[in-house]
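Structures incoming, each one as structure tokens.
Two complexes follow with chain A in common, the first pairing it with chain B and the second with chain C.
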Partner chain A sequence: MKRIEVWTSVLALGIVAGAVSALGQDALPAPSPIEKTLAERATHVTEVTLDKNMLAFASKFMDGDKDGDKEDKAVKEMIRNLKGVYVREYEFDKENSYTGAELEGLRKYFESSDWSPMVHERTKGVAQGTDVFVKLVNGQMQGLFVLDAEARELSLVLILGPIDIDKLSGLGGNFGIPKDAMKKAQKEAGK
Partner chain B sequence: MEHKDWNNEHELAEFERKLRLAMQHREAPLGLKQRVLARARERRQSQRGRFWMLQRIAASAVLAAVVGGFAVYRQVEERAAEQKRGEEAREQVMTALRITSKTLGRVNERLVVNSR
Partner chain C sequence: MRRTEKNATAWSMVLVPLGIAAIMTPAIMLAASGSGQGFDSVVNSIESRYHAHATKIPFMGLISGIAGIATHGGVRGLHVAEFEDFRGDGDGVDGAEFNALIEKHVGGGWQRMVRETSRKGGEQSLIYVRAEGSHVGMLVVDLDGHDLNVVQMSMNPDQLMHEVAKHHHHETHDSSDDQAAGESE
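What follows is the complex of A and B.
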């Protein structure tokens, strides 16, 4: 009798853990507490949080049939399978309006074991730099995290879901993810 | 001439007799008053019933028009609100991609500069 109870408990725990893990993979993170302090100091803040449902809803209003709306069509195609988009942009009137500890805190908050570092760049002496992480599953890009800290601007981009680099690059020609860095990240993830 | 006068008098007397007979007070048949009153009541009730029916039909038509109009108005309003929410979501997607594009472009530039 006791054995059955133990096995039932194990099974229940397994189901709960599986559900939490599945949810955790698809769900967008809650805003980091650091964001609030950054927003208070910033002169201009842009915050965009779109989950899977919201992306699907938005894609309904992207009419690719209209003439001259190629961008809409491309974006619709690109966001179709995405699980979430989380973007923050802070603009400051003074340089060095954030600390290195805050940057590190943000990086740690969003980073998890699933992510492979693609770019890690720091400017000596100042709290500026760039971090790019990708989430690779079977060699496929399933997530992108970018933390770019400039003198007066801090940008944070988190995209969850399958990302087609070619499509991303095709959008206005500005989504230039360095191919070498991508290859390097793929190699590291394969290790 | 005398004969003619006599005829006239006779006719007048006959007329007077008929008139008297007609004007003579006679009792109404038994139950006439009740029958007349009942018929009048019936007529009034039927008229009132028809009036009520018409009123009900008119009220129902007005109610149906009001409810239908409200439903259509709500539907149009909901569709407009959804359209607005959709446009906002679309704008948010575009803003997110614009920032992503800008950020990645900057990262790329920085890497290109550093690799030189």
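What follows is the complex of A and C.
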């Protein structure tokens, strides 16, 4: 009897620990305070937050396109397996409406051991450029973060889940993900 | 033996109410996040905060029923409220406050998928979704200039896409028939 109780407790603990660890790995991050200040300054803000369930729901609307080519189907398959998509797009009426320190603050979260910088492009003299961070697990890309800072536009794209770099540009234009940022990320990553 | 029976009775007194509570909790949660919140709550909160009056579309229940039949259950539970000449606080709405108001009244189970906002307050779009069994509930709050619309519906994505595909197939079939008839003439 006691042995059963012990095994039940071990099993319950295992389930709880597994759930907590899964949440920690796949959960979308809470918005950074910097995003709030950027939103206050921006003339136009777009926020898209999709977790795994929402992505599964959204991908169902893509199933009807039976005439789509193989590449489209591969992109849809990739979307179906994603764990989360987080997009923030800020448009400003004046140039340089954000600082280098703010960009640094946004990048900070991804400067951990799980994430590796892939692209680090800067424009001399101004706080503009493109950063791409990837999360590699057992040699497979399990996450991508793109920070694209243009003169009057700032885009943050975080994609969690298995990603095929060749299909990356196919995600652009879906779920508020800027096409240009994805094309740029794919081009830079392919170098 | 008697002691074992007493123990069993005591355990059943604890486990039975616990079991009932466990079974009832999802039902209570579902009821709490039902029609009392979502659409009605959001519309009422906008009406009272901005002193505006929503125009409800007449025979919406009938329209919703027809939509359900026409799409074979693809779309149901349609609710629409329209605020004409919506002025907000006179010069639009504060995006952050508007978002917080909707967030507060939308109720449990709803997750915000999209938010689009402009600083001057003329454009606000909020899209919420929630799981409703085989269906997905969608609540859209859209302010464009002085037109504010609140729409809620429940969709079955599989059924809806099946209907769309069927319609698309018919259309393609008809156009190829027309083309063939034109060529024979």
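Criterion: the second predicted complex is superposed on the first by the 133 of 191 C-alpha atoms of A that agree within 3 Å, B and C clash if a C-alpha of one lies under 4 Å from a C-alpha of the other, contacts with A are read in each partner's own complex, and residues count from 1 in each chain.
Following the convention adopted for this analysis, a contact is a pair of C-beta atoms (placed from the backbone, for glycine too) under 8 Å apart; a residue touches a chain by one contact, two chains touch by 3 or more.
Since the structure is predicted, the reported quantities are computational estimates derived from the model, not experimental observations.
Trainee: With both complexes superposed on chain A, which partner does A:V146 reach: first (chain B), second (chain C), both or neither?
Mentor: first
Trainee: In the three-chain superposition, say which chain, chain B or chain C, touches more residues of chain A.
Mentor: Here the partner covering more residues of chain A is B.
Trainee: Counting only touches as set out at the top, which of chain B and chain C does A:V157 meet: first, second, both, neither?
Mentor: first
Trainee: Check the residue A:K60 against both partner chains and state whether it touches chain B (first), chain C (second), both, or neither.
Mentor: So A:K60 meets both chain B and chain C here.
Trainee: Examine A:T46 and indicate which partner it touches, taking first as chain B and second as chain C; both and neither are also allowed.
Mentor: both
Trainee: Touching A:V132, do we find chain B (first), chain C (second), both, or neither?
Mentor: First partner only, chain B.
Trainee: Do any residues of chain A touch both chain B and chain C, and if so, which are they?
Mentor: On chain A, the residues that contact chain B in one structure and chain C in the other are 46, 48, 50, 54, 57, 60-61, 176.
Trainee: Which bits of chain B are touching chain A when the two form their complex?
Mentor: Interface residues on the chain B side: 83, 85-87, 89-90, 92-97, 99-108, 110-111, 114.
Trainee: Spell out the residues on chain A that touch chain C in their complex, using ranges where they run on.
Mentor: 39-40, 42-51, 53-54, 57, 60-61, 63-64, 66, 176
Trainee: Note which residues of chain A are touching chain B in the complex, please.
Mentor: By the definition above, chain A touches chain B via 46, 48, 50, 54-55, 57-62, 75, 79, 85, 87, 89, 119, 121, 130, 132, 146, 148, 150, 155, 157, 159, 171-172, 174-178, 181.
Trainee: In the complex of these two chains, what residues of chain C are touching chain A?
Mentor: Its residues touching chain A are 95-96, 111-120, 123, 129, 131, 136, 157-158, 160-162, 164-165, 168.
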